[in-house]
Amino acid sequence: MGFIKAKYNAPGGVHPAYHKDLAAEQPIVEMPLPASLVVSMSQHLGKPATPTVKKGDSVLRGQVIGESAGFISAAVHAPTSGTVKLVAPVATAAGPQATAITIEPDGEDTWVEGISPCPNWQALGKKEIVEKIAAAGITGMGGAGFPTHVKVSPPPETEIDTLILNGAECEPYLTADYRLMVEKAAEIWQGALIIAKALDAKTIYVAIEDNKPQAIAAMQEALPAEAGDAQVVELKTEYPQGAEKQQIFAVTGREVPAGGLPLNVGIVVENVGTTLAVWDAVVNGRPLTERVTTVTGGPVAKPGNVLARLGTTTADMVEFCGGTSGAVAKIISGGPMMGFAQADMSGPTTKTTSGLLLLGPESVHAYESMPCISCGRCVGVCPMNLMPNELSQFLEAEDYETAEEYNVMDCIECGCCAFECPAHRPLVQHMRRGKTQVMINRRNQ
Amino acid sequence: MLDVIIALVPALLVSVTFFGWNALRLTLACVITCLAAEALSRKAMGRNLGIDDLSAVITGMLLAFNLPPTLPTWMAVVGSVFAIVICKQLFGGIGYNPFNPALAGRVMLLISFPVFMTRWSEWTIPSPIGMDAVTSATPLGLVKTAVTSTGALPFTFDGATMLQLLVGNQNGCIGEVSAAALLLGGIYLLIRRCITWHIPVAYLATVAIFSGILWIHHPQQNLPPHFHLLSGGLMLGAIFMATDMVTSPVTKRGMLVFGGGCGILTVLIRKWGGYPEGVSFAILLMNAITPLINRATRPRVFGAPKGGKKQA
Amino acid sequence: MTAVIQTAITIGGAGLACGGLLALAAKFLAVEEDPRVEEVNEILPGANCGGCAYAGCAAYAEAIVLEGAAINLCAPGGAEILNKLAEATGQTAQQAEHKVAIVLCGGEVEHAPRKFDYNGVADCQAAHSTGGGDKACTYGCLGYASCARACPVGAIEIINGIAKVHPDLCISCQACVKTCPRKLIKMVPYARKIHVMCSSKDKGPAVKKACTVGCIGCTICTKLAEDEAIKMEGFLAVVDYDKDLDNDTVIEKCPPNCIVRI
Amino acid sequence: MTEYVLLIIGAVLVNNFVLTRFLGICPFLGVSKKLPTALGMCGAVIFVMTSASAVTWALQHLVLEKLGLGYLQTIAFILVIASFVQLVDIAMKKFAPPLHAALGIFLPLITTNCAVLGVSVLNVQLKYGFLKAVVFGFAASLGFSLALIIYTGLREKIDRANPPKAFEGVAIALVTAGLLSLAFMGFAGLVK
């Protein structure tokens, strides 16, 4: 009942060593308040929020400290009560600078007033649900960080019939979503029903890879009656099953048009973490101030899944997990395939930090990239059916028009080609460089 | 790259057993010259040495396998220098050359030194009537001269001759004589995933079908398909030369088209061309067409309209 | 004698026939085109360098004739092309000042440490978008030679870690200005020789951590330079190139000696 | 009929005008940057070569030989070819301006293209009848187009190569053309 195997499988895909065993069995542990929190204004896709507090102000937990600055943007709330120490630019995980508010917690963790829980959310209309989500500053927590209130209120003429909960978590090492599904299955289903109501979606699917049997069992068991013919869909374990377009195809067989959005085929995909945050926002009325992040990797003494306030620095998180045992050669915010390497441990976690990965010297290699010998392995594994070998040679010769002709804009930067390339060519960086330049050229035209 | 060298060892052993010191002499000359040429040209171009990727060794061995046993050493050296310097390093080293260096080297030698490149040692054909005919031409050479002059086949292709071709007791270039040794190497490469089956299978199938049609249409003037499969440089070309990743298409469909094209051209040249053996020319011509094949067989982008333009 | 006549008649006849055919074709398939555009296009150097911000000389010619674009935008052309353009279009010729490009960053390898070792594509835009660039200073020149590759005349060279423009080679086509992801390259008058080699907007202490020759905003130079030739923009000293600045005390007195004469 | 087929195979594969007779090399090198431009060039060359070989044959046999002015052959041929090229130039400017801009200087260059003049002179030397001359002209232009299309595919690959400084640009293009003609020598003897 409520369980099917995925009938389709997207093209390409690779099987990296998953190393999930490091943190998979560790239950979610709440982290006490650290010494200081660095809350970045750019925790989402779109324009960074504009700060509404200045140095010296005292704030309460859940108080808006950054207003949404436009349609595609999201509000930022104080993760705890305390005083604002500094408002200054800080590097985000991806690299560019964004203003960040440093708060020194006062330890009381008092909530701002005006938190209005609403247990029987069924009485709420679609508009109220979207407003509550927007007020809570919920964004996609899988990694992209697209503001959820925008995703949940598609343009009127589009007709959404299916909601897919993305529980694939195909990125190696990361187990945050897995633990959420095992421990909070019922609440996630409630969140799903809320989103489905906002979208008028008829069927709900939960897509989980078959290397997470307990998660499948937990979600199947917690399936509520009012979810109707909702199904838990078991996907073949393959990276990148978690990519939106590939997951939609695997679950429903529909192909999102290249350059288009999932809503063009009547589907919205929402991460299980985001769904839980929606439940928390609508039912408990609490804005998004904390999230579960997997802190894992060889050098981490006690890898685990940590429920930490937004803005906790990497150093504090690693300290909470027993500090580092052995040399650290690389610090990655996110997973090894799509995460961003960090220069040091000072970076704060944000709404989109699903993992903090520390790698020892033995698993970090600096390669000298060789010319491409057209072996075609990257063409075989590209989930978007592109030709990474030709694209990387065009981009190496700085020929951006032909790269655009060969669909560089459809690249989802999943990293399969670079993972597979025997000549260790920086393929994903070529694609990213190409996409930036094509967008610059389009703007200059 | 090491796997390719291991796959070539069986053919090397067979060639040493049949042609003795000549085979060793040529192979060593080619390999050493290729390595030296690559090292010197990389230094001259101020690039990293890069000979540790063993691609020069493979080019040397493959070029040697395409040479007749009695070829003077200096010609082998000239061929190797041409293959490495002109056909590969001039384009910027591994990965940039449009043509297979070993093949281009062999074709250059064939056209520059036609006499030396077509002088073979003795071998006997065990004819069914008991009288072994001694000749100094390759099976294909014999067929070409006989068919063009007398219009009849020079020998009947029966079990005994087939076994000869399989084992390698025949005339020809040092590496191409034994089909069995080459097939052994090919299977090793398939297991080690250095090559995919698409090009060799497509190539051999097209040759078999095309020569089969000719054979059925005109049995007196054409030899059966399995003769064409086992003779000349086909096995060496299909398994080792055509599957060179740098100069062959990237997509699976492209590889099938490439193999088919090579097959048609090989039989075309063997049947009507001026040269007895068409494998080298066929593969070189298909190398030239590979960029167009790559362009034509691009996979449909995920999400692009079916059957429509490739991009959205 | 008859052979000469015969030749003349034959070839002359064939020529006349072809000429007639072409005349007919030219009439029926005529494509109207403004002759002045062709004339202006002839005057322009034809380097298609884009310095005039048009897609090439032909596009600039059309812009001049049809849209009345300014005629002094052709930097490589210099004075004599400007005068010819003035005659052709009947406009007055005011000489545009000869400007050259300069990279406002002095943070060479030994002055500006790197915060992580970057093992990716050797391109400034690629390095800049990987973790915000591998240089400790988030404003400084990364030295991956994107501007050098973009320069049509090879006037830019990477000298121990940062890009340097040779003023005499620069044809002021501004290709490098567009390429630099950190917008460090400015067009400055050729005559001006003294420059503040820094573009960092950070405060003094932050700059000191990132680079030993960065401008720490101590404002000494603004006081020494006569009639405000150097002004402070936030914590960064910026030269006002309209004013002629030529005193060496500014160079000696700058604590991190960030001001140089090129 | 087979005689014409053999003639076409002979002109396209065996003695290809560009790769074996080495005629018409400058448009071959100049236009082979991008495939669309190359295809445009093939169209122009096919039209000009076929019609030029027809008209030059007529001019030679009906006019020059009748009047004993055989020695005027080259001038007369160039005159006719030039006017055909001018005709194509005007027509293309009217109907396909982007292609006309892309071809640029290489379109009028067909006038002095030795392949076009070559086919006209060969028609006369080999004493072909009218129909044979036209078929030979058409076959020669097909050979030119085949070589140009294959070569354009190669050029797009080697433009991305990084040869040593001295060999960048046309030098490496000529080396590739040499290797391509080496491959085409395989067709030698295909047609007696």
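Read from first to last, the chains carry the letters A, B, C and D; within each, the first residue is number 1.
The criterion applied here is as follows: a contact is a pair of C-beta atoms (placed from the backbone, for glycine too) under 8 Å apart; a residue touches a chain by one contact, two chains touch by 3 or more.
For clarity, every value in this text was computed on a predicted model and none was experimentally measured.
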item	value
Which of A-B and A-C has more C-beta contact pairs	A-B
Between subunit A and subunit C, centroid-to-centroid distance (C-alpha), Å	42
Rounded Å distance, subunit A centre to subunit B centre (Cα mean)	52
Averaged-CA centre spacing for the pair subunit D and subunit C, given as whole angstrom	42
Overlap residues in subunit D, where contacts from two or more other chains coincide	160
Sites on subunit B at which at least two other chains make contact	92, 96
Topology of the chain contact graph, where touching chains are joined (line, ring, star, complete, other)	other
Pairwise chain contacts, counting only pairs that touch as defined	A-B, A-C, A-D, B-D, C-D
Interfacial residue positions of subunit B with respect to subunit D in the complex	44-45, 86-87, 90-92, 96-99, 104, 107-108, 111, 265, 268-269, 272-275, 278, 280-282, 284-285, 287-292, 295
Of subunit B, residues touching subunit A in the complex	48, 53, 92-96, 245-246, 248, 250-251, 294, 298-305, 310-312
List of subunit D residues in touch with subunit B within their complex	35, 149-150, 153-154, 156-158, 160-164, 167, 172, 175-176, 179-180, 182-191
Touching residues on subunit A, where the partner in the complex is subunit D	393-394, 396-397, 399
Footprint of subunit D on subunit C - complex, ascending	3, 6-7, 10-11, 14-15, 18-19, 21-22, 25-26, 29-31
